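What follows are several structures.
Consider the two complexes below, in which chain A is the common component and chain B and chain C are the respective partners.
Moving on, here comes the complex of A and B:
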């Protein structure tokens, strides 16, 4: 007999969302002004959660000026040991409010509570804790005897891991002595605004962290603002290109973490149960809204049919629905716009004669949803093998030899992530050395840690986040001579 | 009896280990610091630059796969061969830069010693820039620096030899291949360096030297999808460099910006090596 799951919803009473939010500038929230407000929506229900403020030019000016003052007067001159203590405070406050932030993130983003609770939030706290310890040890990090901060960092983050991407940006910037103006993603502003409250609770000096909400225009103003010394961006390769053009000819430092089309390579000796789980977490984690997703599955020909069959079986058991339900595996697509993009690319796969299979799971009536989908019969020329879909869609290709696997894995302008599944250790290292990707997961996928540098090769961007290597993005390095 | 008439050298490009003239047939005059005619240099065209990209791409897989010990010995060999031609380099540097013989000798010594310094880095980069990462889970997690790939570089305009070596050596020591545009007005030591490279066990195509106009070639190379990074150290800051950087955005190239006032005689750090490597992080589970 088959047991049914009973609903197991996480309570949302732990969060209180204000009807309107202003911008967090110089330690305080501005009063919301009616004609600047835009809505943020729960993608699982289309319910309006709140109205937040679109930062305009004078807001960006004020935020950058506040960050400059704080850099010159408080945060810049402060001993590293004192900066460290603020960051430790923030880490603890995040741990204390972890459940609340997880629920808030799930409401605003649509991702399952299982993931915000067990992945996003623990990593957010860990990121602040790790970087706190660097603040007074930077002279030991290999960037010269007295590494200096860059100044005011303008940071623009995406909607797929809103608070985690904030942590990846803010924690190293502050640890290295910079101040921050951060623009949250248009569709997921709420946890960034909650983080602003945490900065207040930590008594962080005014202006050290400024949080702006808004869309692309706000981001562009921040990038082009003459008062920012550094731009850090995570998002699409197209926007990354326009940012790179905008900072050309300036002295601004730039790091970009952009798109990907990760190859997940399965050899015929791979343990099949673990591999199927790894493929699932590689592409269906976070609805596939993951820049480092293993969106191209490369199967060795001799096991291809078996793996695809097992994968379909496993996907049929994934539970799609209410993101607040603790048993939910697949949540909502973050926005109608993103759903349209996934739809368009999936249709292109059908039009180019790849074979589509979607999980038969029922989709809720309201909200934005896309069932876990795999395409077989995909060639390297298919759009679904070349373009980043950023959704729960897997393209399956095959190979015969390790050399062919490497050639196909590297046949992309991207270079963010790659996976290898095999029992043979020497083959893992051989493949890892040849795949042109910033992160290579062997017999696992989509693992993250603040001590482990993350970032791309080629058109997936440059610069690293996390680890000792990530500090370089926020320090004025020695003169290159 | 009259003094013997010297046999002058024809200065050509250095692409893929060969010394071709520019396919365009163009040359430009080069003079010494007093204005006397020195030579007609080949003026490389976009097509020459494209050929150099092909040569560099062909070379980079083998060079980056060579052991660090091997690359270190090849760079050290360059210093050995250069040392045997000290006088020639000193004469050329003195003519190009208009400096005293003593200063020219100092420049050549520094340039040779710079190869020795970078040779020693080949098998240390991974230990200094790599890491074992103590992740919170049952994984062995490590990060290693890997070469970025094919780099197009503009060497300093003033320092004809030391500046050139200081730009090229840190790019190739980690396993990158380079095509470099040497000083426009002082290119002769660069071609002599090419002759050293051609006889120093440096695989063909690892270093390619294109004399000519960087502002003509670089914006185009910036848009070339088979170039991974640009080093604009020797480029004049301003419109040409900005256009180049903007073009590089199309393929998200790494761009080292112009740096006109570097004192090349100061001790080099590792900032240049660091700029032209990528960090690769590998996760591997631990278990029985």
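Moving on, here comes the complex of A and C:
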């Protein structure tokens, strides 16, 4: 007798995807031009969803010029209370259209509808609501008596949380009085384009938000454009480095949110069932396409075998498949390119003699998939312990004492996130003080809130997004520097 | 836990050391896990299957001061044939009554259903061990083949685990062949750490089932509490190779909730527990909602409260 869950697909009839999209510049969409179009696909089926426009130099020029005009003429001079009205309106529209946006995000990104519905979209709306509240209170935020906006913000976002990363960037920028030129990720442009429609619905003045689609070249043009006052980038550490080089010597402000190799540290007095859940949400949430993923599991040796055994049992119950099915836990890998990278790193783990275990779940025939995988017997010297895999692959290491846990957790070029699992409150505080990571979670993992600042140490970048601290990235004050 | 697992002795020191050595339960995490499983979407074939399974798992219960032989007979008729308009409807697992009505219930259901009695000075358990054992023996003698006992929550909360243990072992031997369900009354234990410890204590002392609640205390069964109890039976099986049942009792009124419990069972302890031998619902009004949903699945439309029987 087996309790089989019948397919429970979310209907995709709620979304209408145009066959082609132009760019959203100065309040309107440009007409798609044939030789600029590139496709975006559903990673779960490899079906082409739409064709979108690659923004070229003159498009970037126009977008930045529109943003400048809006900054100087409408948005910049507008009182904070008025800006707040627009942000509240956008937040409510996102809530009203949340089902549609969740389906669209799942189609374009491959992540399960369960996550877009219950995590991405509620957080997207929450970020706009939260920052709407700040718009008329900036003088009380601790950045001096009259903090001023920076001007035009060039923002480049990744494909792992397309709409959420947009919200993290656009909401604080607008709340602080800046205007925006945002470039969506190459493989996940559709929700950003839907957001452009929402800006129109909200009657946002033209030019305040401009949405460009394209690949790395478009991003580079935006970064190098003399008309941008601020660059905010979330993505890989390599691209982050080249952006920093490009910005060096200019007076542009810069925040970078880059890669990670988060340590999830489990002590022998941890609440073990909840710890296993936390490990799962730390690395298998969003197929591991999470910069702050808990991709290095550090287990105290005295409980290592037991935790690994329970983890394998738990992973065997994860349901991989159609991302639109409401019971799917693990969706598709976002692109063939990313799948190849995950494969390559997983193979390196085997070649370096770590022991590989993959969930026995069947993989669909079409689309890009990778089963939840853990490597045991991993040491600090393994590539899979040092490099960001950005996929559903967990490296398991062990430690003996709290000091050793801290030393190993911090022994990485990254410093974005860390987790601590113990029932002992004093040890949580002791550990948290010593972890060099921008976010430290205790007895939980991958929990986000707009009121809480997020950002990295070391090669994970600098600057914070969210909370009072995040406002500083979009305000021209000495304090913020 | 390994092959070399040895149960602790029944003395206070051993029990305390063992129970306090169990891993803690993080309340936030446990609630989050239970809530996440409640979002599973169970449709069409799987919903049909789950509704029939849930019906077959019901301990149809009446535990009122105003219970009469007539009321118990009506309950038994309903238990045997929950939906008179559809003979394909499964019977429930058992009827559950006070000890003095066991004879009536047994006469009504014959050997077709289990008869469960709440013994041991139900629901408070505030009586001497002698009285509790006599209560149990009376119920068994009258024909009960399942005994739902309550633990001494006062002794448990005072840390007097040996008293609770001894009481359960004594009731277990008074049960003879009857199955013993041990009611933890989790609404009075308050923390999930206590729920885990009480679950283990009851299983170590010989429980065949562990049961959340009497139904007389709020909250009764909740998904997080049931999750922790399921984790306990899962770990107990790993250690001892014995399968202990779980009964979620009280407060479960809708099919949707019942199906969510089946998901909880399936994804925590596995499909082996999806049988009335290892999972039960202690309920009264739940049954009619399951029947209404069942009718809807078959006919394609909702009927109404007049199309199920009120007993």
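As a working rule, the second predicted complex is superposed on the first by the 478 of 481 C-alpha atoms of A that agree within 3 Å, B and C clash if a C-alpha of one lies under 4 Å from a C-alpha of the other, contacts with A are read in each partner's own complex, and residues count from 1 in each chain.
Just so it is clear, a contact is a pair of C-beta atoms (placed from the backbone, for glycine too) under 8 Å apart; a residue touches a chain by one contact, two chains touch by 3 or more.
Keep in mind that what you see is a predicted model, and the values were worked out from it rather than measured.
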{"item": "Partner chain(s) touched by A:256 [first = chain B, second = chain C, both, neither]", "value": "first"}
{"item": "Partner chain(s) touched by A:444 [first = chain B, second = chain C, both, neither]", "value": "both"}
{"item": "Touching partner for A:205 - first (chain B), second (chain C), both, neither", "value": "neither"}
{"item": "A:126 touches, of chain B and chain C: first, second, both or neither?", "value": "first"}
{"item": "Which of chain B and chain C A:323 touches, first, second, both or neither", "value": "neither"}
{"item": "Comparison of chain B and chain C by chain A residues contacted", "value": "B"}
{"item": "Touching both chain B and chain C, residues of chain A", "value": "443-444"}
{"item": "Residue ranges of chain A touching chain C (in the complex, touch as defined)", "value": "1-8, 114, 118, 269-275, 277-278, 306, 317, 326-327, 423, 443-444"}
{"item": "Interfacial residue positions of chain C with respect to chain A in the complex", "value": "1, 23-26, 28-30, 32-33, 39-47, 49-50, 53, 228, 231, 262-263, 266-267, 271, 274-275"}
{"item": "Contacting residues of chain B [partner chain A, same complex]", "value": "128-129, 131, 133-137, 139, 141, 143, 148, 166, 225, 228, 233, 241-242, 245-246, 248-252, 254, 256-257, 259, 262-264, 266, 268-269, 271-272, 274-275, 278-285"}
{"item": "Chain A to chain B touching residues, read off their complex", "value": "126, 142, 144, 237, 240-242, 244-245, 248-249, 251, 256, 258, 413, 428, 432, 437-444, 447, 449, 451-455, 457-462, 464, 467-469, 472, 477-481"}
